[in-house]
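Below are structures written as structure tokens.
In the two assemblies presented below, chain A is common to both, partnered first by chain B and then by chain C.
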Partner chain A sequence: MTLSALSSRDSTLVFRSLLTSLSSPGEKVPMPTHLCETMPPRALPLLALTDIETTFCAPDDPDLEAEVAELTGSRVVSVADANFVLCSTPPPHELVLHVGRGTPLHPELGCRLIVCTESHEGDVAMRLTGPGTRPNANLSVSASADEFIAARNIAVAHPPSGIDCWLVSANGVVVGLPRTTLVEKR
Partner chain B sequence: MLLDDLINPTQSDELLDEFAKREIRRAMLAAVAIPGYQVPFGSREMPVARGWGSGGLQITLAVVHDDDVVKVIDQGDDDGVNAVNLRRLVTTSTGADQTSVAAEASVIQSRHRIPEDGLDEESILVLQVPVPEPLRGVERDMRELARMHAEADYSRMWVSLYEDKVRNGVITQTTGYPCLVNERYVVATTPIPRWDIPRLHESPFLTLFGAGREKRIYAIPPRTKVEPLTFDDVPFEVEDADGASCAMCKSSDAFLVSLPNSDVWMCSDTDWCRRTREANA
Partner chain C sequence: MGYVSARGGLDAIRAAERLVRRLRLTSESSWLEEDQILEKLRLLVDRVMGEAGLWAPRLAAKALRQSEGDATEAVHLLRAYRSTLPRFAYSEPADADDVSVERRIVPAFQRVPGSQLLGRSVDYTARFLERQSDDLAREEAEKLRSEASGTPDDERSEAHADGDTPQRSPQRLLEMLREMDLVVDRRRADDPEPFDITRTPARPPAARSALLSSMTRADTGALVNQWYRNILGPDGYLHEVTLGEVRHGAIDVEVRHPVTGLPVCVSSVRVTEVEAIEDLEGVDEDRTKFDVGYGLCFGHNERKAIAMANLDIACHRDAGRTQLEQSLLLTTDALDSAGFLEHLKLPHYVTFRSMIERKFAMRKARNRDAS
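Up next is the complex of A and B:
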């Protein structure tokens, strides 16, 4: 599947999915079906949000990285300097702890981490609490994503600095994990 | 097709170009992820003057698409000049439908009120903010203000409220009452009346605040703790019309405003008043 720049309407639709997912952490929010059928869903957040003012990287997907850079004008930089980081699989500890977290004066500079997962069903059950979460909100992740969540919890341990994550499944369903969400094993 | 190909004003009726929308959207996402934090953004020139809803308008234009239904109110009134003009701008440039009924709207832009009813999990409330900085009254230096927020150092705000109480017997701030969001950031709740403050606490809807003149966006996600700043022995109170009821619909359980130089009270939310009258009839 090749990528193409999103129309104004399509980028609005993808943004609304991402906004809903961050507003209601743990909720499974579908991204626009017609886009997920023609492009890899993991690329949609980058295509909808990045432009010449942003930086990004996709360290384990150089082809997609090059395509996104050409389509959006966004600059490819190192993991530590990127506004957006796309990982095709749940990233290792080192990467999660290496991305930018912003500062107490500028917490908005924290990285947005987009992580691909096969699905949102896994063996490890997590309980979510914090702003936006519903009572009894939960998240099921695979064992490999479990390690990523542990690293993510370290990266958000000193609010307001931290990172915000989107878990994007292969079928185009996104789950948001803003830095304010407390994720614990059940 | 490249993103650059989409940035061509001659092909579109939209007021914001794609770069502007993306920047505003990134600021909105940061604001939702850090409830109460004022995210700086590059406020664009709008067809309304800064201070007249340009921040709210930019947020609405960055959020809305043609499947949305938009409601715009000014001081609770759907038919105010400012509300009508903003609504016309939004609907003609985005293709969204319009309504005056909050329950039918997916995006509600408001100045100075939260509609009395009808907001649910599907709703996005956009509030126009003239002065987003709640600490402006106690500190003018922007760097010091940033430090105070960064360190959650709100001691001078508490002193200010205490002095107000000692001098006047009550905390006199009526609109835009300062609130603590998610036990972390103090925010200015725009000039909404105290009446609306409790409805922000654990609300089912997302609230986005846009200050175009001050170039700030902040947010209160749904189901988030919002506490008005007050002392343990001085309970927070909302406005009281002293037993009055609306001259038109007879409601006494809505936010009422008095007509100038008279004892006549009317509902601030004109659509609520209209629907109540129709239900009574």
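Up next is the complex of A and C:
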């Protein structure tokens, strides 16, 4: 599947899905079906949110990285400097701790990390608490994502600095983990 | 204790949202078309686009319909939508002299370079509320349509004060004043990047581009209020104001083509532009000359552009002596001020409960001291 630039309407639809997922951490929010059928869902957040004033990288997917850069005008930079980082699999500990977290004065500079997962079903059960979470909010992740969550918890340990994450499944369902959400093993 | 904190529910919030939507969509009157809003409420559409900082007439009409005519809410909707749009390119600098004027008046001079072009204006009209029946109004509309169909430029030539063919890009009065060496020359040789208030909030002391951008997106009423306060009110800044140019017209927006690198026109926007002439009289000023303030905003909104031009020069002359700049930058944005005001309606249970507890604690301490 090749990528194409999103229309402003489609861009808004993806934006709404991503916003909803961050507003209700742990909720499974579908991204627009018609887009997920024609493009890899993992690319949609980048296509919707990046432009000539943002930076990004996809270190393990150079082809997609080049296409997104061409379609959006966004600049490819290093992991540490990127506003958005896309990882095709749950990233290793070192990468998560290497992305930008912003500063107490500029927490908005913290990275938005997009992590691809096969599905939102896994063997490791997590409990989510914090603003926007429903009572008894859960998240099931695979064992490989477990390490990523542990690293993510370190990256958000000093608010307001931190990172915001989206877990994007292969079928285009997104789960948001804003920096304000506490994720613990059950 | 009489005060008990309550807990708001998501269900109640969703029900309130549904109520707004249902009553808006199911009202008995006929559907309000976008074209009706665009044509019949054009000035309101222009105002919303100006305060939202987005030239998108149809979206502004949609926003006004969704907000049920609440201009500030429409600005909120439009700006929120704008914030989700990616930026594809930056426009090329546009020269205000390229504005093709539909209306141009120069209150300072009767005979001016170019000409006076009154265009569409109620400035000289007595304000009588038209109370004829809708049928009569429709009849008149039909008559006017048939009259105008043969001579499309009728109104323009009628509104042209000098009787000559109107110039669409007339020379400015300012140029004439410059030729007479009557204006302080504050043009700068360098060309700094303009301040982008959509990315970074402007704070004093700010670049002039930040001040002008803030005012061009400011709430019209707030700007008029600042102007009135400044010119008559407690700021004590009584001064002579004369308008050099009041223009309304259209200008092309160009961007560089990503392949050819050549500028291409991607849109045309209407703007109102004003130059305000200030009589310099301060001890540290050149009293033999005038200075000029500048105002420009989206759409047809002369009130705003005039206030802006006057406040631009007032701010320059003030040079930080009063809180004028701070006031303009921090208190005139519609979304900012209305948002802060309206947040008061959100639950403040915790803060108010702590205030009550402090009152009880103080009362307890006072009673203890008294005994």
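Rule of thumb we're sticking to: the second predicted complex is superposed on the first by the 186 of 186 C-alpha atoms of A that agree within 3 Å, B and C clash if a C-alpha of one lies under 4 Å from a C-alpha of the other, contacts with A are read in each partner's own complex, and residues count from 1 in each chain.
Just so it is clear, a residue touches a chain if its C-beta (ideal position, glycine included) is under 8 Å from a C-beta of that chain, and two chains touch if they have at least 3 such contacts.
None of these values were measured; they are calculated from a predicted model.
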| item | value |
| --- | --- |
| Overlay on chain A: chain C relative to chain B, clash or fit | clash |
| First (chain B), second (chain C), both or neither touched by A:Ser142 | neither |
| Which superposed partner A:Thr72 touches (first chain B, second chain C, both, neither) | both |
| Per-residue touch tally on chain A - higher for chain B or for chain C | B |
| Which superposed partner A:Glu108 touches (first chain B, second chain C, both, neither) | first |
| Chain B versus chain C as contact partner of A:Thr55, first or second or both or neither | neither |
| Partner chain in contact with A:Ser8 - chain B first, chain C second, else both or neither | both |
| Chain B versus chain C as contact partner of A:Thr133, first or second or both or neither | first |
| Partner chain in contact with A:Thr117 - chain B first, chain C second, else both or neither | neither |
| Stretch of chain C, among 127-135, 181-189, 253-261 or 343-351, that runs into chain B once the two complexes are superposed | 343-351 |
| Contact residues common to both interfaces of chain A (with chain B and with chain C) | 8, 11-12, 15, 48-53, 72-73 |
| Partner chain A, residues of chain B touching it in the complex | 1-6, 12, 14, 18-19, 21-23, 25-35, 37, 39-40, 62-66, 146-147, 150-151, 182, 184-185, 206, 221-225 |
| Residues of chain C touching chain A in the complex | 81, 84-90, 199 |
| Residues on chain A engaged by chain C in the complex (per definition of touch) | 8, 11-12, 15, 48-53, 72-73 |
| Residue ranges of chain A touching chain B (in the complex, touch as defined) | 4-5, 7-9, 11-13, 15-16, 18-19, 22-24, 48-54, 70-73, 83, 103-105, 107-108, 110, 112, 130-134, 159-160, 164, 178-180 |
